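As structure tokens, here come the structures.
What follows is a pair of complexes built around chain A, which joins chain B in one and chain C in the other.
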Partner chain A sequence: MKRAWAMIVALATLAPGLAPPAKADPAADLKAFQGYFQTRFPTLALQDYVNGPYNFSANDRAQWKQILEFPPYSFAVDAGKTAFGTKFPDGADYASCFPRGGIGIAQDYPKFDEKTGKVVTLGIAVNECRERHGLKPLSLTKGELADIVAYMTSTSDGKPIHVVIPNDKRAIAAYEAGKEYFYSRRGQLNFSCASCHVQAAGKRLRGQYLAPALGITASFPVYRSKWGDVGTLVRRFIGCNKKVRSVPAKPDSAAYRDLAYFLTYMSNGLPIAGPGARS
Partner chain B sequence: MKHTAILLGLAVAVLPAVALAATPQQVAAGEKIATTKSLGNCAACHSFAGAVEPGNVGPALKDVKAMIPDRKTFYAIVFDEQARNPQTVMPAFGKNLILTPRQINEVIDFLYTK
Partner chain C sequence: MKRMALVVAAAVLGLGVAHAAGKVDAARAIAGAAAKMKIAAALDDQWTPAIAAFKAAKAADAAGDYAKAEASAKRAEALAAASIAQARSQKRLWQNAVPR
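What follows is the complex of A and B.
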């Protein structure tokens, strides 16, 4: 009992954001966030965090390595490459909508769009491109859009995540909203994202090791055996929200855009490792 | 005000169960609650004898009588551990109406056999 309490107190003082600072300072948050995990798991190198739950069990890791010998996401990458290269009815294509033709840019997303004042994830950018050329938006969680994002992400493999928060009031507000979402308890079970992915990171919930929040976005989209196909980061947000019996937000909502902005920014400097495979 | 109401409810809920020894039915009902996802799902975070693939987010529940000899304390932990430790990840099963007072008592009966 006493020991458990001492641990909790230590955790609370260490865990960044459990008592958030008054003034927005993303760079200081990032340092505290990465430092917290590095102190907690001193044997893990920064780039190891992109392997999420597989850092904590030799057994699970061995099974996962075996799965990766024939990566289950390779069909999605191939399908995504074909879709990405297909011309729109108006003769344009996806490449025309992106810097560097969309190749090797996934590490720069989510991005703050100065025109709209909103955060744009790579998936949302793909849909904006379609709509600009008269096509309907695709589902942001799976299917063709997940394939396209998987392909685009594969061209960034190993590139350091580089999310920028410009000195713009709206961008900082979006970052702060994402941070607040991450640390707020919700649902009947009353968990925050941080309850599981900061406080209980590396521990087991039933048979599943909980991925630390650091690096948690780097392998998306992922092929998940439980899903039987490839899904995007928002698909996982929805799943984790349902797990705590709370009502998920809409895939293109400000809440999820901002959450992705905050969470991906916290992993700045870690390598893109997507698409990935998970059980 | 609110506190007294909770405490009162607590006392009423706990008293009858304290007086009598747990029946095998109560213990069995408690086991179901402790291991079923839609109920208490205690095994998600705690290991105890007989739990399948238990988690380790919370402490192992063994020698539970020695661990928490006072039944009222046990009830309060399951009812709302966040009242004792605002940072805990353990859900407030009673306060958030995940389990009824009767179910909380059954889960206690079960765990007191561990």
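What follows is the complex of A and C.
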């Protein structure tokens, strides 16, 4: 345990580069990010990254494949489909709030909303739809909203992630803020997201293999045995923040919206593989 | 006998003064921790142990254990100060971890 942490601390201090900060260039970041992992793990194909921690242990992968024979998230997808199809009291429905009726669009999220100047995740878009039709927003971490997002994501299975950063100062600022959040150490244990999911990707920590940051968003929402239900990406952010003894941000905060924007953009081109199952 | 009463009275008075001072010190330490923690929160870098220490300080204060309240509040303040230093240094240092 102590040794695992010490190793990760040591790894994390080996920074990949020390070049001066450049002007914001998301496309160049993406190329460098994906290139970094492809050099680190030359035997993995790009689409393999969506399998996260299961790329690093044949044993874990075999167990996981077995679990997937009766996918534990299928209840959530069914419940989400029913909720998605249910009319609101005003007669409208979720489909009316989304392009293409909300089917096969998950790969385009998070999106930058030019009207509000904010990043909108698929979960937040579901809540905005509800509020527009006089309904209360749902929890962004689990329950009905996670089910609805799981259903919507299932209709995008295999579609390449396609997050767009428009040439708008506010969108670029949001992307940059997400990037800074991802690489900044925080919490009493002094780790950044990148310490574990970039520098220590593929290493073992407390019996779990650390998923590489590339492809890390592709399987969400996920059913986690540890949770006993389906949770969203934000739920995972909260868990990973707490792990390093850092107070998590609010589920709908700018910090988490921007983090999701940056992190999902880094996986552009990889296929949507959600909902997923994890231990 | 009279002397004895005087000594007892002085001791009680002394205790009272110490007690009042402890209360003031605890309140000061709690205010100091709260101020530092507000800065840490604004920097998006509050540590959970700071919150825990602060809660412990408030609980001890409410229970009249001012020495414990002061010690816990000072710990919360020190943790908040460390998180502020972390957040400020990361404003520069995060760039070093970006793959290029």
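Keep this in mind: the second predicted complex is superposed on the first by the 259 of 279 C-alpha atoms of A that agree within 3 Å, B and C clash if a C-alpha of one lies under 4 Å from a C-alpha of the other, contacts with A are read in each partner's own complex, and residues count from 1 in each chain.
One rule holds in what follows: a contact is a pair of C-beta atoms (placed from the backbone, for glycine too) under 8 Å apart; a residue touches a chain by one contact, two chains touch by 3 or more.
Keep in mind the model is a prediction, meaning the values are calculated, not measured.
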| request: Could you say whether A:87 touches chain B, chain C, both of them, or neither, answering first, second, both or neither? | output: neither
Counting residues of chain A touched by each of chain B and chain C, the higher count belongs to C
Inquiry  = In the overlaid three-chain picture, which partner chain does A:188 touch, first (chain B) or second (chain C), both, or neither?
reply    = both
- Query: Who does A:196 touch here: chain B (first), chain C (second), both, or neither?
  - Reply: first
Touching A:100 in the superposition: chain B (first), chain C (second), both, neither?
neither
| said: Which partner chains sit in contact with A:205 here, chain B, chain C, both or neither? Use first/second/both/neither. | reply: first
Inquiry  = Output check: A:31 vs chain B and chain C. Expected answer is one of first, second, both, neither. What do you get?
reply    = neither
Determine, under the contact definition given at the top, whether A:242 touches first (chain B), second (chain C), both, or neither.
second
*So, does A:250 touch the first partner chain B, the second partner chain C, both, or neither?*
neither
Footprint intersection on chain A (chain B / chain C) at 12, 18, 188, 190, 195, 199
In the complex, chain B touches chain A at residues 43-45, 53-57, 59, 67, 82, 85, 87-89, 91-92, 96-98
Listed in rising order, chain C residues that touch chain A in their complex are 41, 44-49, 51, 79, 82-83, 86-87, 90-91, 93-100
Within the complex, chain B is touched by chain A residues 1, 4-5, 8, 11-12, 18, 188-191, 195-196, 199-200, 203-208, 210
Seen from chain A, its contact residues with chain C in the complex are 12, 15-21, 29, 32-33, 35-36, 179-181, 183-188, 190, 192, 194-195, 198-199, 242, 245-247, 249, 255
